[in-house]
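Let me give you the structure first, and then I'll get to my questions.
For reference, chains read A, B, C, D, E and F in written order, and residue numbers begin at 1 within each chain.
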Amino acid sequence: MSERYGTVYVINPNSSVSVTQGIDAAVEPLRSADGPAIACLTLAEGPAGVQSQRDVDGIVGPLLARAATLEDQAGAFVIACFSDPGLHSLREQSRRPVLGIAECGVLTALTLGQRFGVVAILPTSIPRHLRYFGAMGVSSRLAGDRAIGLGVTELADEERTLARMIEVGRVLRDTDGADVMVMGCAGMARFRDPLEQALGIPVVEPTQAAVAMAIGRVRLGWAGKIEDRASV
Amino acid sequence: MSERYGTVYVINPNSSVSVTQGIDAAVEPLRSADGPAIACLTLAEGPAGVQSQRDVDGIVGPLLARAATLEDQAGAFVIACFSDPGLHSLREQSRRPVLGIAECGVLTALTLGQRFGVVAILPTSIPRHLRYFGAMGVSSRLAGDRAIGLGVTELADEERTLARMIEVGRVLRDTDGADVMVMGCAGMARFRDPLEQALGIPVVEPTQAAVAMAIGRVRLGWAGKIEDRASV
Amino acid sequence: MSERYGTVYVINPNSSVSVTQGIDAAVEPLRSADGPAIACLTLAEGPAGVQSQRDVDGIVGPLLARAATLEDQAGAFVIACFSDPGLHSLREQSRRPVLGIAECGVLTALTLGQRFGVVAILPTSIPRHLRYFGAMGVSSRLAGDRAIGLGVTELADEERTLARMIEVGRVLRDTDGADVMVMGCAGMARFRDPLEQALGIPVVEPTQAAVAMAIGRVRLGWAGKIEDRASV
Amino acid sequence: MSERYGTVYVINPNSSVSVTQGIDAAVEPLRSADGPAIACLTLAEGPAGVQSQRDVDGIVGPLLARAATLEDQAGAFVIACFSDPGLHSLREQSRRPVLGIAECGVLTALTLGQRFGVVAILPTSIPRHLRYFGAMGVSSRLAGDRAIGLGVTELADEERTLARMIEVGRVLRDTDGADVMVMGCAGMARFRDPLEQALGIPVVEPTQAAVAMAIGRVRLGWAGKIEDRASV
Amino acid sequence: MSERYGTVYVINPNSSVSVTQGIDAAVEPLRSADGPAIACLTLAEGPAGVQSQRDVDGIVGPLLARAATLEDQAGAFVIACFSDPGLHSLREQSRRPVLGIAECGVLTALTLGQRFGVVAILPTSIPRHLRYFGAMGVSSRLAGDRAIGLGVTELADEERTLARMIEVGRVLRDTDGADVMVMGCAGMARFRDPLEQALGIPVVEPTQAAVAMAIGRVRLGWAGKIEDRASV
Amino acid sequence: MSERYGTVYVINPNSSVSVTQGIDAAVEPLRSADGPAIACLTLAEGPAGVQSQRDVDGIVGPLLARAATLEDQAGAFVIACFSDPGLHSLREQSRRPVLGIAECGVLTALTLGQRFGVVAILPTSIPRHLRYFGAMGVSSRLAGDRAIGLGVTELADEERTLARMIEVGRVLRDTDGADVMVMGCAGMARFRDPLEQALGIPVVEPTQAAVAMAIGRVRLGWAGKIEDRASV
């Protein structure tokens, strides 16, 4: 890893170390000897899983605080939760590029298919996703968003999780017409390959998508903020 | 005021008491001897003005905490900040109807004209508004969103504020084609009448719009949450 | 009721007195000793049910005529038919606030869920609704619009009607993904509570929604028309 | 003209014979010895100009009545007013194809440019147009809709009218980015050629557009209504 | 046929003569003794069926070359393939009106129902269609697009083809809510009548729709290109 | 460069070597000792600049042929022209990831601002861009698309080009409300830094954006095509 870039900090805003480990393994292929370091962190103050809107809103403060301590060494930040908590706040606070995995996962999916499906964790996640896709202005590309009905910590039961993801993915593909899938939780990272194989359509692991974009930005030296207008 | 309804709590999430006073005066005509009480509160923990995304995200925790203490006496909650901070979190937390002034202000405007203009405080508010209107799915009704370039506390200079609001409102009306105006800050409440008079098109004071809807909901006994599905 | 406000006239444009009675009962909780009177009227010239586009267009003349006779005593008008017949014509004619129940019912639903479903009476109503939601610019929030296949007068068979509404509501909720329901006919007013209970998601009775907003407008003294620009 | 087709009735719903004459001249090139006759009628009951929403709604009854008397001889109906009054009502009533000039004018424009501009008569027409384009689902193709500020009867002053149309057309082209123009009033028919010449971009005369489509439908024998499902 | 108009050239960009014959029969009712000749041509260089994006892109060169040889005699061009290959290129090249059958088929459907369904040939056609409807800005009117799973040459098996079209059409009508159908391949022309009869809702044969519009344009003398701005 | 990945081929479909050199310099920071090689190629068969729709359609054949010869050594393909010529055809043909610079440039811009502006070369490019953004479903995020009025080869006059780009960029920023800019031509690569400095808002060089995404995909081993479904 090259020190001239600063580190890409991937912050998992829940306190689940096994989720962070899954992310860390997922981004391993993006590490390069002459590229920026990639560090995956667990936010100890976070809940076991970021599942409700209160979880999302509640984690922004600690996340901003943690990022502030990393600002000087940072090359970029990736917020590794599919609700992109604090995305725009961190963009205000930091001079570095800041990317969210929901944002980058969906945008990447738009290059892989015409209508994307989202495999969510819980039914309550779906209205939040729909608001977000509306804010992004990409709702017309959404085929469907369906939940597997398992919380973040329950994803540890890998067999059950994968089976549910495949089941839901098939409905998104066959009933809703999705031709590309986005996994709607950072905790699903380890299931990308088997899910893609089972569904036969591309599957986006959103943290990989975001980190790939972050590395590009760091290498290109694109600023996270154009200073002159920062005070407007 | 009738005690059988519970109180409509209008929470100003910034710490500016004069803003709360302006709100309180604005909703006075909605008070009824046999209707719910309307109490306008200032969130002491809030910043002087909620202006940045960090202000928005940062105020959610204190706002939820304050609302929790009021839950039992509450008939409904109105979040009196045009960024609707914590709206969906408070809907999760509370069994009462919860309304945001941006949401209700814009929806009310849709009944008063075909294309709404928004008079924002600062240029940095605008992307946040655009994301929100996108999430609401009403962007095609937006004529324009323009800023007066004054922070919340600067609104205290009434003469300058009104002059700027009229100036911006004219551009929204004449260049952008707005035929109804929404005031994009709770702190602008006192300017509704002169702004409407100056522009000659309807002007929505969003806290009034939200409180009017909240009262209806309280009187009708519409629950904020249907209990059986709350845990889904 | 206070005389200083003028009366909120709720005009049922069909000739079915039992529908008007249902409406009158539904808005009863919105009546206040110090608020505007609420008078629910039946348009004798109307058809038994406003079901076709010809019914909608044909009723505008009598409705405008009736409203003209009420103009001086009126505080506001509510058009109590889910096709909002004559809404924009009455807005032209009257100096009072004019609200339509489809408009207000849908806008209110947008504050109660992310994707609204509509329980229509007849299949032929649906294209008309879709045109209207398109004109309102809210189509991206629509989950689905499905008919119970009963005409307005058939709604009098309450048991059958409710059974059909629940059946259709379940499809809207489970297949189309609606998380809030709008009842697509003023004649359905009496079924709101049992439908909500059966479906476990919020149900909007659109006349209640519109009258609540009308009362707010009357109390706030918001004009229906800004005189200076009325002649443009 | 061939009798086997029935006549294409072009109904001008205002009482202005000179407007009908302008329409009649405009559709002359579409007449064919072996095609359907084209008859342009003036609705005597109509106002001098259909300018307000009340004009639009008020003319539907007489228009339907007139069309009913023509049903047996009709091959198709064209409603020659840019508000398409009674379009969907007449579709219900008649077994013949029914086309509106706003609808056909805009759809035809979509084949001639990427963003269409509308030259309206009065500012008050614009919100009505915007609702209609929203109902049609084509708002994203609209560049702008601007008024010349002349009523239907004032169009008789040809020099002034053309000058205003060119002036407004230039703003639509240069400021709003329109690359095709739709004339937003049947009474503008005689100005198509000079307007196109002055602007250098295609100009759609909407009655011509609608009659061309109506003739196609008549010749092809496409029914206005598929009988078996008419009663649904 | 009158020579003063020039010929409407309908170019089938695949090499299947039987498809051209089906088109020729379909447009027969649009021929008029005093109107433009209509000539249906087969592009010998084309593939047996235009089915993939490569087929679409690959056929543009030969199509433009063929059209160039016809330019002087041409009154208008119609590209008779539902992917509208080379539509905008031919518009650049030719001074004549140029229409595509997908474009005209869909726009015509918008006058016959509120939500259109498309009967496609192959599943791989669907993303291409969706991109096109997005480019046209009419996606909100689309009910669904479903494939019969037969390639262009397989359409020759008429019995099987019609059976599949009816089957798919029923799903579009009953599950997706389509109230008008567009046949998504020029090779389906002969099935319009039986499909409409089987489904009971209007069915658009897109080449008929395009040729009808082309004839109108030729008769009216609307230029394909306004010369003064052609070089911009 | 590591041989295990295959090369990222960036194909400039015009024949202008200086454009390719500009691209090559722009992507230099993305090269890594242990990452895929990045080779920038000039398509000798291409026109000096891809400016018209005919240029776009005409270049697809040679581009596909060239890519076919590179398939075995390729890790991914990037089409370096802002019209993304042949994007979906090459996706059909190749088993490798294929990215277009318009697509990736716009999607990347969505992470840097709320409303993107496009600096186009010629006015005739704009309708083509608008169709493309419509096909992508991102039109609601577009602030404006404006041309500098210089052809691809004219970009060699750097001083004049940059001056025009800054001038147009200011209009996009100040009049249209863009808060992020996309350069709408691969030949503008060398102007990114001075344009960003002049405008004070982020500027996306689209080839950099696309190559960054391509590298990510190659490193992650995401296939360009899921084989099992390729034949559907």
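The criterion applied here is as follows: a residue touches a chain if its C-beta (ideal position, glycine included) is under 8 Å from a C-beta of that chain, and two chains touch if they have at least 3 such contacts.
Since the model is a prediction, treat every value here as computed from it, not as a measurement.
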{"item": "Chains contacting each of chain C and chain F, listed by label", "value": "A, B, D, E"}
{"item": "Pair joined by the larger number of C-beta contacts - A-B, B-C", "value": "B-C"}
{"item": "Where chain C and chain E are represented by their mean Cα positions, the distance between them in whole Å", "value": "43"}
{"item": "Multi-chain contact residues (two or more partners), chain C", "value": "127, 131, 134, 136-137, 139-140"}
{"item": "Chain-level touch network, classified as line, ring, star, complete or other", "value": "other"}
{"item": "Interchain pairs in contact, sorted by label", "value": "A-B, A-C, A-E, A-F, B-C, B-D, B-F, C-D, C-E, D-E, D-F, E-F"}
{"item": "Chain C-touching residues of chain D, taken from the complex the two chains share", "value": "52-54, 56-58, 60-61, 64, 86, 88-89, 91-93, 122-124, 127-128, 131-132, 134-137, 139, 232"}
{"item": "Residues of chain E that touch chain C when the two form their complex", "value": "113-115, 140, 177, 179"}
{"item": "Touching residues (chain side chain A, partner chain F) in the complex", "value": "29-30, 32-35, 99, 103-104, 107-108, 110-111, 136-141, 196, 200-202, 208-209, 211-213, 215-217, 219-223, 226, 228-229"}
{"item": "Of all residues in chain D, those that touch chain B in their complex", "value": "126-127, 130-131, 134, 139-140"}
